[in-house]
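Think of it as A, B, C and D in the order they're written, each chain with its own count starting at 1.
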Amino acid sequence: MSHNTFGHLFRVTTFGESHGPALGCVVDGCPPRIPLTEADIQAELDRRRPGQSRFTTQRREPDQVKILSGVFEDDRTGGPVTTGTPIALLIENVDQRSKDYGEIRDKYRPGHADFTYDAKYGVRDYRGGGRSSARETAARVAAGAIARKVVPGLTVRGALVQMGPHKIDRSRWNWNEIANNPFFCPDAEAAAFYETYLDEIRKSGSSVGAVIEVVAENVPVGLGAPVYGKLDADLAAALMSINAVKGVEIGAGFASAELTGEDNADEIRAGNDGAPVFLSNNAGGILGGISTGQPVVARFAVKPTSSILTPRRSVDREGHDVDVMTKGRHDPCVGIRAVPVGEAMVACVIADHFLRHRAQVG
Amino acid sequence: MSHNTFGHLFRVTTFGESHGPALGCVVDGCPPRIPLTEADIQAELDRRRPGQSRFTTQRREPDQVKILSGVFEDDRTGGPVTTGTPIALLIENVDQRSKDYGEIRDKYRPGHADFTYDAKYGVRDYRGGGRSSARETAARVAAGAIARKVVPGLTVRGALVQMGPHKIDRSRWNWNEIANNPFFCPDAEAAAFYETYLDEIRKSGSSVGAVIEVVAENVPVGLGAPVYGKLDADLAAALMSINAVKGVEIGAGFASAELTGEDNADEIRAGNDGAPVFLSNNAGGILGGISTGQPVVARFAVKPTSSILTPRRSVDREGHDVDVMTKGRHDPCVGIRAVPVGEAMVACVIADHFLRHRAQVG
Amino acid sequence: MSHNTFGHLFRVTTFGESHGPALGCVVDGCPPRIPLTEADIQAELDRRRPGQSRFTTQRREPDQVKILSGVFEDDRTGGPVTTGTPIALLIENVDQRSKDYGEIRDKYRPGHADFTYDAKYGVRDYRGGGRSSARETAARVAAGAIARKVVPGLTVRGALVQMGPHKIDRSRWNWNEIANNPFFCPDAEAAAFYETYLDEIRKSGSSVGAVIEVVAENVPVGLGAPVYGKLDADLAAALMSINAVKGVEIGAGFASAELTGEDNADEIRAGNDGAPVFLSNNAGGILGGISTGQPVVARFAVKPTSSILTPRRSVDREGHDVDVMTKGRHDPCVGIRAVPVGEAMVACVIADHFLRHRAQVG
Amino acid sequence: MSHNTFGHLFRVTTFGESHGPALGCVVDGCPPRIPLTEADIQAELDRRRPGQSRFTTQRREPDQVKILSGVFEDDRTGGPVTTGTPIALLIENVDQRSKDYGEIRDKYRPGHADFTYDAKYGVRDYRGGGRSSARETAARVAAGAIARKVVPGLTVRGALVQMGPHKIDRSRWNWNEIANNPFFCPDAEAAAFYETYLDEIRKSGSSVGAVIEVVAENVPVGLGAPVYGKLDADLAAALMSINAVKGVEIGAGFASAELTGEDNADEIRAGNDGAPVFLSNNAGGILGGISTGQPVVARFAVKPTSSILTPRRSVDREGHDVDVMTKGRHDPCVGIRAVPVGEAMVACVIADHFLRHRAQVG
């Protein structure tokens, strides 16, 4: 994880600002001969795309991806496959709605990166948040679509498990519900409630946070490079790097602090094939930084969108007190669109560790 | 963060197993001409050392550090200073109590890394947990002692803010109390309660988790390399890499998910010197991955020690069902000794980003 | 240097194949507020562009660069400056002449990477050499144009000092001649000779190698990260990574092996300002891996273009003996166009070490 | 390659100064279950050890290596094997002969790194060259001993092929002669000549350079990560990072510049098993940055030892003109002891790429 690149062997470098001509990424280190089309990537991008319901920003971006390199026809199958060379993906920005940026050009919006970017770099593209915009996450989702194909059998799915203070009822968890509501919510009843709840938030010009859970299944045993490249350490960095994320936990997470040793450690029995079967999964599929073969479970907290209609106290670049009110198109709960982004980051980390493990252990 | 190295410019590589001849680290990239003695490092190591109260493992390790390289007399001051070359630190293991390891040699202790190390590598040093032992964290603390000196004025302090389900009362927070109890607890009343509570846990052969908070003050504005080297992303990885940690949060953390945009975003006013003054710190000192100049606040959850006296169900290397009971010396709350470790990791991350920022921005 | 990225802090990631839709690069870690326009980059690209004389490939590529990100108007000057975020550069491929690739699709051209790419990846874009084409170096030159602006006062110039067995006369070295001949040759007489010589080579369908020298002036004292990030070690890797390069030397280079200690070590006297003045530069401006302040002098050998008209013995993908003759557009001396590429690589390495040095030493 | 670490997956971090308490390295990323003893490493160190003939420095160092971590008994074989965790190696300095360093403490020895270290860091351990001493290379040789075991069947051998202006006769090349003379020279007649020649150099207090050739056999086809992690690019960096090296070449190297395309490109025929057989090896076993399966051949030039008895002009730290004459123990041809060092670096690079290749391609 350095500047705009993450991953050690499955390396993703992203670029682009919210209102520049384009954004995209270069995926380096991908194994060769993996079937890959633009449609594969587009399918994931479409899940993250804004403007699909009234609960996400009304910016209309087709987010159409182009593969610029790294894919060529396979002489055996004739179909397009990765070649082992860098895969460059490009997404052009289309809906950079012309707008008066005078309001935010010189004022620091509370909760946003306006002040810190200015303090660090002395210059910034203020249009739509520039580099710190959530639009950057489209590149992550595109990269994640490739990562998913690197590990045989891997599935990575995300779900919104809490909106504001309202948690889902985990006993009603049904992965099939995810596609049935605009919140990626696995609990149909909670989703119905969220619809009313978020409408109110939206109409009042306010916003609210969320908690997202990502579950990766069919993760091979043994992934993770202790002690600083632990699988959970890399997951934590990857998820914390998503815009607006303020917390990450694995398995029982913060709740494990409340448990006793008896309750927390997952007991084991021999399975039919002699392989260990864990009787619970407080570990979230990771022990000592290495995957156990159980589902890898990560959760992250997304703060409420800082762009709200209520004026907030702030300062401008010249150091004068000002009030800031953010007009325009915004997500009342930016956590919703973080679901496919979280999935993508988890997929990339697992793909990276899959390659790292194969390198060291064969 | 890759295998056994972390940091991009202030790079720490650690080595060593619990019961091998020695452990230690190499700190590379440290700026030159920083005064440094073994005593500076020893002072930090002594805070982490086991056997200082009945609440930490009774293993008796002096944890005496030796500087093997990278320090030489300054021709101006005559005192020892860093030379800009790698600083190697060595800590010899002394109390490798002779013991029958038959019990754990072939059995996988639930909650430990026994199974995953074996599954990954096909071989492991099972004595005292080998590489996955918390003894490795001594090297982190040693490195952290150097990191603290890299950033002028920086202070990094940690505190235990929750033991089991029992949180401290933050209104009673007093940093001076930290040194007055064996828990690094800033709330004297809570500390008194923990003493009784943990004695009970300890006597019953059980264990309990904890939450640790680390606060870094005088962090310069502008540290952090968006978007994948964000300061919070690197903190998350660094803290999650500590043994037994299952969750990390920054500022309001998971609680921010429950807030509205109005309540979460920290408002700003101009200070007397024109510099922005934040009216709250839900952000934990980081916006858009870049430090704001406010205190950087990170919190992490430590699971209960998995070594307990109650027999737990497991399997052995041959795939037979067995029961495992961990005898011997253990911490009833491994979170306590994680406090100086957490401080060290935060100090290292900030030192690294201090150098990275200086590189890019001058 | 890892896969398709080089540089530690000034990081360049390139992508693209010879006959794909586009090639380009992402430059990450560039300091902010450096004035930068497409024209700045285009000027360097134009020096490398093919088809400018009969001595370079007749492929007609405008090599028009687009800046996709990382540059924005400066609020103080109004002009475009770097923002500290990744700078993505795109060059579309235009002249992918339609052609029958049957000849090289299945045959391994001797001296080319055809066999090794196939052996490594099991698939490759065979059109025009795919990823192993010298077209990739356009992205290097583009990145180098930015690197040149990172180090104040830095100048990096390259010259062809040998073609085939024919060396220039160094006593006639005149940097101004570089622009007066199609060879980047600083010796006008040698250039005149090369014109006749290379015409003959070209007409016979043969090719010939070359030696290129790159000189960097105004390199600050102190750059280089001993002992594995030595300035010369990174220069060696950077130059050796250029297509067709088979040797790299610094200062006196291989000739230093023939010298005695008396003749080789550059003597020093105090200059008027007390700073050391070296009386010779066998060291090529680098001692112990660190720049001395003298000009940094690197030289590299470029093998003859492997694409020639004379049939050569080889095998095809099925393992049958075949003869291969490379028709089409080629450089009779690929070393010529390596001059701006070598400059770019040297500039990038120095920019990287400028930032690394500033990080550690301030 | 960054500061004091090299390698991407097989990572070596070295530390230590010439006259400090100890030097050593940490080897991270080594595959598990490779048999490894101290004797394995010692055997390589003994080949590099000073004081074995009158042609190398008379410093008497046993260079006894200790394994501090990363090796444990294998439960299947009972013998010591790598565990996949970091292998720390320690070599204590013994013969730090007490000496008056007044002479070199403040004077910059021409050809040495004295001035540049001081200019960069403002402080340095001047005793015996400190970090820039060739003693550091003992750690490389130790790491190389491990690297050799990573790639099945790999052999890496080095030879001195030129001393001063005197080249060996390659038609007399006999690997068995290497062990029969103190020069690692494969040509017995040349070795006999060198003995007289170097005695003269030595007695006159002078020194002379050398060229070393390293040949790696049984390198699997396909190693190398184009385009910046090319096998030859990494070899170039690794060899150039050795003390006193000023040039590196692969295969025909600089001589390839003099060849035509017809003569340079190695022709291919199908072997009995259908696999390509190269009819020559001008490529030095590498095409497009990827190994061909032929022997990898690298050559590097070592400058003459800068420590000589003849006084040379220089300056001191205060900027006064001085004369410097280096008394004490020195190598008249430091290139001799560079042979095992070069082998070690080549072995490490190949081991690293072996793992990198396995990661990407399986």
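One rule holds for everything that comes next: a residue touches a chain if its C-beta (ideal position, glycine included) is under 8 Å from a C-beta of that chain, and two chains touch if they have at least 3 such contacts.
It should be emphasised that the depicted structure is a prediction, and the values quoted were computed from it without experimental measurement.
By count of C-beta pairs in contact, C-D exceeds the other of the chain pairs B-D and C-D. In this entry, C-D is the pair from A-D, C-D or A-C that repeats the interface of A-B, since more than half of their contact pairs coincide by residue number. Centroid distances from chain A, each centroid being the mean of CA atoms, peak for D. Annotation: 45 Å between the Cα-based centres of chain B and chain C. With centres set at the average Cα position, the gap from chain B to chain D is 38 Å. Chain D has its Cα centroid 27 Å from the Cα centroid of chain C.
Contacts with at least two other chains are made by residues 2-5, 14, 29, 32, 84-85, 120-122, 131, 226, 361 of chain D. By the touch criterion stated above, chain B contacts chain C in their complex at residues 9, 29-32, 84-85, 226, 355-356, 358-362. Those residues of chain B that touch chain D in the shared complex are 2-5, 11, 13-17, 20-24, 26, 28-29, 32-33, 66, 68-70, 72, 74-75, 81, 83-88, 90, 105, 120-125, 130-131. Against chain D, in their complex, chain C makes its touches with residues 1-6, 8, 14, 108, 110-113, 115-117, 119-122, 131-132, 136, 162, 164-165, 201, 206-211, 221-222, 224-230, 232-241, 243, 246-262, 264-270, 274-276, 279, 282-284, 286-293, 301-308, 310, 312-315, 319-321, 335, 357, 361.
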